[in-house]
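I have placed the structure first, in the form of structure tokens, so that the comments after it can refer back to it.
For clarity, chains are labelled A, B, C and D in written order, and residue numbers in each chain start from 1.
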């Protein structure tokens, strides 16, 4: 990626910190004539918003998005916005910048945080609220992703949390509809996992600890032919987009790391002709991507989110002068930042697919 | 990535297919004044070269690299080449293009191969030897990586195979020096793993089967400060570079997917001041990257290589007209393509580090 | 350029239309630690602002810039802003969106305007105020350029209007200080040209006509070594940046088109050693750039701005249905849009130099 | 541009110096299925080739192009090559590297040459034959352009030399067919200009002098809608591509600098509906581009080539130690490098149009 811009034809540039006046993104290269409502963007933002259960940070942010450019209203229905093909600028103001004493943190390197690395890179550091690394920055991604979803006709991108720490869902119970259920604070597709996760997280939260998670994203109705054999592989760009999210430490496509333990016989997805005139794959170990190019099967990616290092237990570290200190992070923090990563992952996969759809159309003229 | 070019300041463009006259790369943006020998490039290529044991394809390619531009000879020592700062073009001719009957493969979609996806993308397909997806393409990456190694003073990038299929090495036996041992056909750092791997692979080879593998890359002496908090994270670009390799289905940094099962206490790398005036990290769960920026610790990445789909066992598929066929792949194939991926992974990590070293110097002026 | 983003390390993305709520830019890749005041940005914007004389459009826009990210205040002096190295987002709200009847224009293709071309490209058109092509968009460029000026120590970038229509300044009267004089509405460096321009423009304005202009930009104290021999030539990027401005139809460097009429003897800038240990060039036909690389001499560029096509005289055209119409443009328009192009040209040249300064430092480590 | 790569979807990377073993380019992103003959490429190269008259350098280079990747042969006609959509690598070997004594030039800064600028940039310099700045490099551009011509159906890109020094052609005599005439060593469209140019150039050549030139490129049948309102304007990218050529100091589109002297009435191209259902423009001051977007009219660009600084008359300069020297350039040189710039300009305009055709198709899906 080139700095804070990603995508080649569907290009997203994001900006903003946790403690500045606002954050946002510019989506450049969006096709003209795409029709949507502001609520399409807002709904996705609301899914990512903090403060909705005791398992996520209690920071209160309305996360109201404003669209500043690149659209006109439909004269027949003011609610319908239509892209003009010029840059779409979206902005979300920061409201809840609760002031607190950052005195110590300004001079300490918190273990597991980027404090020391920032100082080595920039020699200056916005320590308030994590600066650029704040989870708030992901709102800009979600806004861009909401627009990206509109680019490829028929595509559906959904995500699910599949494990928290050592607790895994049972895939036999997978129910996409349950993810949006109001009693489901975890984006889990397995109703039976909720009490398990609740008990597990309550324990961690009370101990001032934190835990990692794994999220799975599934994109359906992706046309065959997107991507490239090498270097601009669809799965590579999805991996890159997901790895660009703060706290993500691993990504896999389809059966991913498990394929390293498989034989060629086990891994190859056999084909037959389907009744609809399209090939029918008898399995999907490949996660919808062969040789870097989509096959028309669902595209499947998973990513690992590490536990936040903002914990109450004191940890050994040093300050900016090299003195030994014990660091203990107070304040509002998610015990499992991975939970809210589900809509973020969906957004990043949506952007990768939209970009490759336009690139494929540009190079080959074979769709659209 | 932008098509077949990767890197932002240290930029590599690769080209070539298995069955054309040659393949190669153009390295653009290389700093001027870098001194090296042709044998530095050739040595890395020789490590990747096929035909060196019964566990890799028997295709015989000398893989002699020619440098066509971007260097001058040192007037005092003709063997020393010096980069001029202009594009370095490197070419490797294809020699062993054994002719065979590709008649069937031209019309069949091999399961697990990119055949169908290629046709969906391009409507035309170079089926001979895998076309652009051929493992031969990786020679260009290795050549570029050999030059990248010279960019950052002191950096050392090494790789090791850590598992083949269900057989893992014992990390207690890790010996970097053993990897280059002439009796070690596996790039394994564990001498005791060799007979285990041999027996395992002989069985698979005789059955005409194939198997996946996991490779680990470690980069030492990477300066602190390389990368960015988001979008151009050092770990993200490493992941992207590794995922751009054919057959790679997963990537992780540091403890990777295991961090999803950890608490914040377990995962945070504590710090103390070292005797050399630099911070001392008490562990390296982060794999040398915090918040997307290098910390000075060793940078660690792992990637999963799927088993090749070129197997003798017949698999169900269809041909280009949709007729059902049984596909059985004859010819020269690696039973475990992951073995030769070790020098390729090293090259891709080296390129990512070189690029970010120059980018960091450009933006901040803080090194070099 | 890649869509609405320009620059490789110092990257500017702009967004916004004339009749939306705001416009702005994101400056990404700015070095950390750059100190400036908001008034540094505002002062440049004020120079570009309309409504300051009868020779420019009477649209009233305060053009107040807000900085939304990428900076912190100096704790010792709140007025001083310091870049953090993360994206700097700047926004300017549109205030004076005077409503008028665009009914006809929405359906007519104005000759010399981009109306028809827009419809061919996008199939949808924001016709109000020129949409994306509005001169207001250039405010975002000026804001970015004001920051770019701070990147290269000591560099000074100034512009001057050197002709309006058939009226040229007398270079013998060149006085840089006069350009900012409050009695000088033309950015002309020649005090004697003012009454000439006034009379000339008054005549054109009363006739509802318009006229073109030529602007010259001079950048002093540009370090030697910026640029590249080919493809990323400093003069090429300056030309590209200037040509990206609306209504610019030609660019030249140094003696430009006049060199096509010169002999090698006339054109070559001879050199001697200066007293300061640096080479002394005896002339500057090259405009400070040789072989695409800066020499340390002043960098000189000129660009031609065509007359606006918004004129009162009816012109033949067609409407969206192909019917013949006579188009006459009412409303507020600059008789000579070239006048206000002076600070815009300065900004675009400043951005090109800042970008190449960082690129040069990145590749070679030879400055900074 | 990003280093030695240009274009966004149709991307060209060039490499090579005058005195290395070869030079070439990689064309990435070319649509699959484009059919051409090797002779299509070779014919364009032959037009650029030196040694064809006494008015161009006598260096003898066959300039035989080899295509190393990215194509397959048509099974029904081996002469027909078909692009596969993967990178097309083209190489031209250097043959006539006549050895001579470069001793002095290695230590002298030739006035008007890039010698000093190179040393400031790189600290190392390939002085033989101009290194990367050699006119030979343009062969790679011509090869890429020959492929670009095939991308947009029906497009025709032609160039003409319109002035040498102070001698202009008479546009009333314009005859495209005459440009390829075997008795026309100048790419002039005006048969009557040949004896004038001959006499003028013979005088300059005998005096060991050199002279500049202006070239005009006209692209016909360019679809309406290519480009963008700002930043990726079609005319801007054409200007950037032309300015990337060595020795080019100015570019203009349509009436270019002359528009700065025009009124809005004179400059606006009026429209009527044509008989073919397409708009008919009554003039083409705009050069086929309005608001950065093609209108369907012929796209017209002109560029100024400065005189080469390789002249026999001694000029004052300094050597690398700062000592005063008189420099006199011996060897084979074109008295007017602008003559051979005609096919180069055609190539660069062809590449810009091909790139924007694919970008337009990608973003809007409106053509192809």
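The rule we apply is simple: a contact is a pair of C-beta atoms (placed from the backbone, for glycine too) under 8 Å apart; a residue touches a chain by one contact, two chains touch by 3 or more.
What you see is a predicted model; the values in this text were computed from it and never measured.
Sharing over half of its contact pairs with B-D by residue number, the repeated interface among C-D, A-C or B-C is A-C.
When the interfaces A-C and A-D are ranked by how many C-beta pairs touch across them, A-C comes first. For the pair chain A and chain D, the distance between C-alpha centroids works out to 45 Å. Once the centre of each chain is set as its mean CA position, chain A and chain B turn out to be 27 Å apart. Centre-to-centre separation of chain A and chain C, using mean CA positions: 38 Å. Contact of a single residue of chain A with at least two other chains is seen at positions 2-5, 8, 14, 29, 32, 85-86, 121-123, 131-132, 229, 364. Across the complex, chain A is touched by residues 2-5, 8, 11, 13-17, 20-24, 26, 28-29, 32-33, 66, 68-70, 72, 82, 84-89, 91, 121-126, 131-132 of chain C.
Contact residues on chain C toward chain B in their complex (touch as defined above): 8-9, 29-32, 85-86, 229, 358-359, 361-365, 368. Those residues of chain C lying in contact with chain D across their complex are 1-6, 8, 14, 109, 111-114, 116-118, 120-123, 131-133, 137, 163, 165-166, 204, 209-214, 223-233, 235-237, 239-240, 243-246, 249-257, 259-273, 277, 279, 282, 286-287, 289-296, 304-311, 313, 315-318, 322-324, 338, 360, 364, 366.
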